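Order of writing sets the labels: A, B, C and D. Residues in every chain begin at 1.
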């Protein structure tokens, strides 16, 4: 951390900062410029994050040298994390596709869709049992019944199951049925929930919050990692910008950035990331080309009658199958398989 | 709702939409333009929000006529909601000031600060017992002990207490100690939590999410209202934009917009909304001038030693007291008191 | 256009709107709902854009049915525009790569770089003679001398030349030297400049403004098209968001969206779009996978000594050559060549 | 400037950076931390802005200590700039109000409106002769005729005149008629235009670009100042965010921030900043409370028939007059006059 003092800062003010650094076990390095004095803090500056250095007399600004996360960083672990879950590897050479409906709606629905996505080459079934909905008057999911239907579909198809968990109390229940726990974008900074899933050893897919910077995203992952659960994958699902044509702006740049800054697998959600069915295929391809380790795609055999209103972004099984064929070629073109 | 059909939409496609409207108890009004047919849905269009009309064949786009929230709207209730809580009115002519530290840290700290803010004219004491923190390695609040200290300060000063509740399970506990429950910005779409506080009858201050539109903000309020709790106040606390000089961009426009669209009281948080101490006074004044019903301001007697790192945005008691004097004049200039 | 009247709108207010529509040669279609009356305007609603319908008594809101641009739309021209410029086709099956330095700096520099990018497979040389710089104290380009050096490099290599024009008076001069005129992002709404290039018949590459919506981007293209110049290509180069890790957020979603809404060729600029050298390759690949018709990439043989400070995003010739090989495979995987 | 080297940076790489600093007349200050070496550049770091330090081997990141602008900074000039123009002072204790139509439309129109705003207390008449319009099919202003009408209105009312200049060639012409030259938001980074107005000695009002940071805004002002024209005032007019209810998000925080960072007067445009008539009054009041030195407000006696479609944000003369009365009280409450 570098503390920039104001032009007229006094010796006393400088010494005061130095004393604070010492209290925290850090050493100082002072550099007197023409107008300003700079104080470098030597040691693990993360301990300083909770002191309001900016509030101290004579301080102009504080510049962080280190990233605030540690366990999630590529510096901490240089090789890629590969998560192994019941025979499927996430983060390895093979790109993993998760597919299924927005919400589990009925036995018939989940049976049809799970068979279709398996046939097309998906390895993991997605489907919400608990649904976070913007409005209180919308369908909120089948809850426990939805979890049972997911387990039933797993049994019939051999697909693994990923589903969302929305509160700390649900963690045990959902963990009984799911192979991977999903934390939704709206809960990326629900810290009680992050700690709760961090205390399990289930793989967790953490979605990026709508207005979360990459640094905040990795800090949220750090919450889970710091509880001892190392099976974390990151999911880019679109950020909020001024553009309204797409529901969100899928941030393709985040894919290589996350791969560079972190060792964790990176998944892309083109369905929520764009909110428009006709964009799912081109954006899925872009994600594979940019280096994503997986995709999570909404598929529905009868989107018009889906209960979540998200049908507008679901692919039909035939469209999904066609896309899988195209992704195959792209995966090969970047030296991977799918 | 107006459904715009694509230029070449068939009669069958149009009829299909009409049939769906009928299923939901709505009537249609069809308007054939030169290139496109428009179908107006007559009746309460909110029932259509959960059907993916955009996904239906022949549909180009769907335009909502009504706001998706109802109970929160000025159309539903034309007169202002005035929340009465233990002798204090929020939403009336008098502007209410809530002040105190970011987090409760000790008996000494809360005693000093609560006395100071009361002396300066605040009516409500703020202070976090449970703290949502971006990083896992930061101080997370005194928890139960913090609640007790708040109750202790209330007893000594007569101030009411507002404090944050972070998960559904905490609601009962926090409600025992607090006069007003606060939902933080990161939890604005934590729907389980919204429902839980909606089932109490405690006043709730709901903070706007960092990337929430005004419509989403009012929909989140609707969640609480729809459970039967009508004591909801809205808090503008800054949105995320590209500007990095301020931590957030306090959206002053939201104050008159919320007052026009809704009957609920509007509070402004200039401390988190700007993240910089030197901006708290001018932005507080702007909020009063723009029509806010209240302010929530961080005050700390020793910000340098505050445990949350938020000291950089806290006013000293003397600064707060001076600001209160200035706000008094502004309140009078807009025909109100403070 | 659909005009939504307020709940209590009077017959007189409705009739007033209808009269205004008639003045503009439009017909009305009135739909009385339970609470609100809707007035549909039948005819080319674009004439209404310059009347403040929202300002009229009784009007709640106005919803546009048609896009405000016409010549740029896929509806106006269903087949792709293919721009032919001195033997190179832009917008056809072959993906076109433009490459070169940020700014032309010297004969030696442009000679080395143009030879290298030609060798690697680029067809068009980029290089700024006039440079828009955020600060007044930075290198502003070699100006006329820079144009001559570009023409010199064209002669030696056979590459076409694209370079930026910054003001209406420069258009004639730049058009003498360049094969393609570039309008920079900061000038996307410099309407005097758009008209000036619209009056030439030179191909124009229009860059998306940093905070321009896709609709505004296409409207800016419409300015050029409306002057009779149909040789317009669109360039996505990153938008401004809250994320600061990348200089801009390259909006990959815009590629398929623009291809769907418009018939104009779409180019992607991964160098300015990300601002970081290590992201140029993955984002270039994503652009090809998403359907871009071309790329514009910064290449410098000695980035450390480049005069624009943009060296941090320039590829070295060897890196560019390697990228071209990888793009080849991706182009084939999506059924195109490069 | 502080250059942070990567963990494994070699002595040679460090020495290379040091040599570059020496070339630019700067001295170095090296601080070896536990994992990283930091190199502080001592001297006027602005000269380094044009070297791609990030591109040099071994460099992890570069952190600026100084703001990139100088003449615009409060550090360069501590007392407020007060611009004196024909008897009116801008930037002093008295808050200055500029008012008038979006565009000059006719002699009758400008006569009625200028008389009304003068009567209500405005000192400066606004009105566009050249209009930047998003679409090519809209009214583009009366041009020269519009300038003459402004001069005519000045003669009749004694108001000063502010009007927009859109290209370098127009500067001389507009300067003949206007007392203050306005640079529109879309031209904030039209550097040719900034230089051109910088070479006059006319007062210039520079509007903040829709996606310009405060730093970029002050850098644009620096362009004008660096040409020798010191009569620059800054105008906050709303930034682009994800919120769509208002056309732009007026950034009230920018008012105190600009006053702290710079000595230049700060004007606020609530009409374009919100795009909605009903928000002009509350946001104008907020601006005065936050410390603005002036306001620029659209007024039209017949907004429905205004030719620019901006009628939806224009106040009627009666509304403007009422607002002026309210602003008077607010100005007094903050120790100023209007």
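Note that in this section contacts are C-beta pairs under 8 Å (C-beta built on N, C-alpha and C of every residue); 3 or more make two chains touch, one makes a residue touch a chain.
In this text, all values refer to a predicted model and were calculated from it rather than measured experimentally.
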item	value
Both-way neighbours, i.e. chains that touch subunit B and touch subunit A	C, D
Pair with more cross-chain C-beta pairs in contact, given B-C and B-D	B-D
Centre-to-centre distance between subunit D and subunit C (centres being mean Cα positions), rounded to whole Å	26
Centroid distance [mean C-alpha coordinates] between subunit C and subunit B, Å	39
Subunit B and subunit D, separation of their C-alpha mean positions in angstrom	31
Contacts with two or more other chains, residues of subunit A listed in rising order	211, 240-242, 244
Partner subunit C, residues of subunit D touching it in the complex	46, 49-56, 68-69, 132-140, 166-169, 186-187, 189-195, 209-211, 216, 219, 222-223, 226-227, 240, 277, 303-304, 306-312, 314
Subunit D contact footprint on subunit A (complex, rising order)	2, 4, 7, 29, 31, 33-34, 36, 38, 40, 42-44, 63, 65, 75, 240-242, 244
Complex interface listing, subunit C residues touching subunit A	211, 213-215, 239, 241-246, 249-257, 260, 273-274, 278-279, 282-283, 285-291, 326, 329-330, 332-334
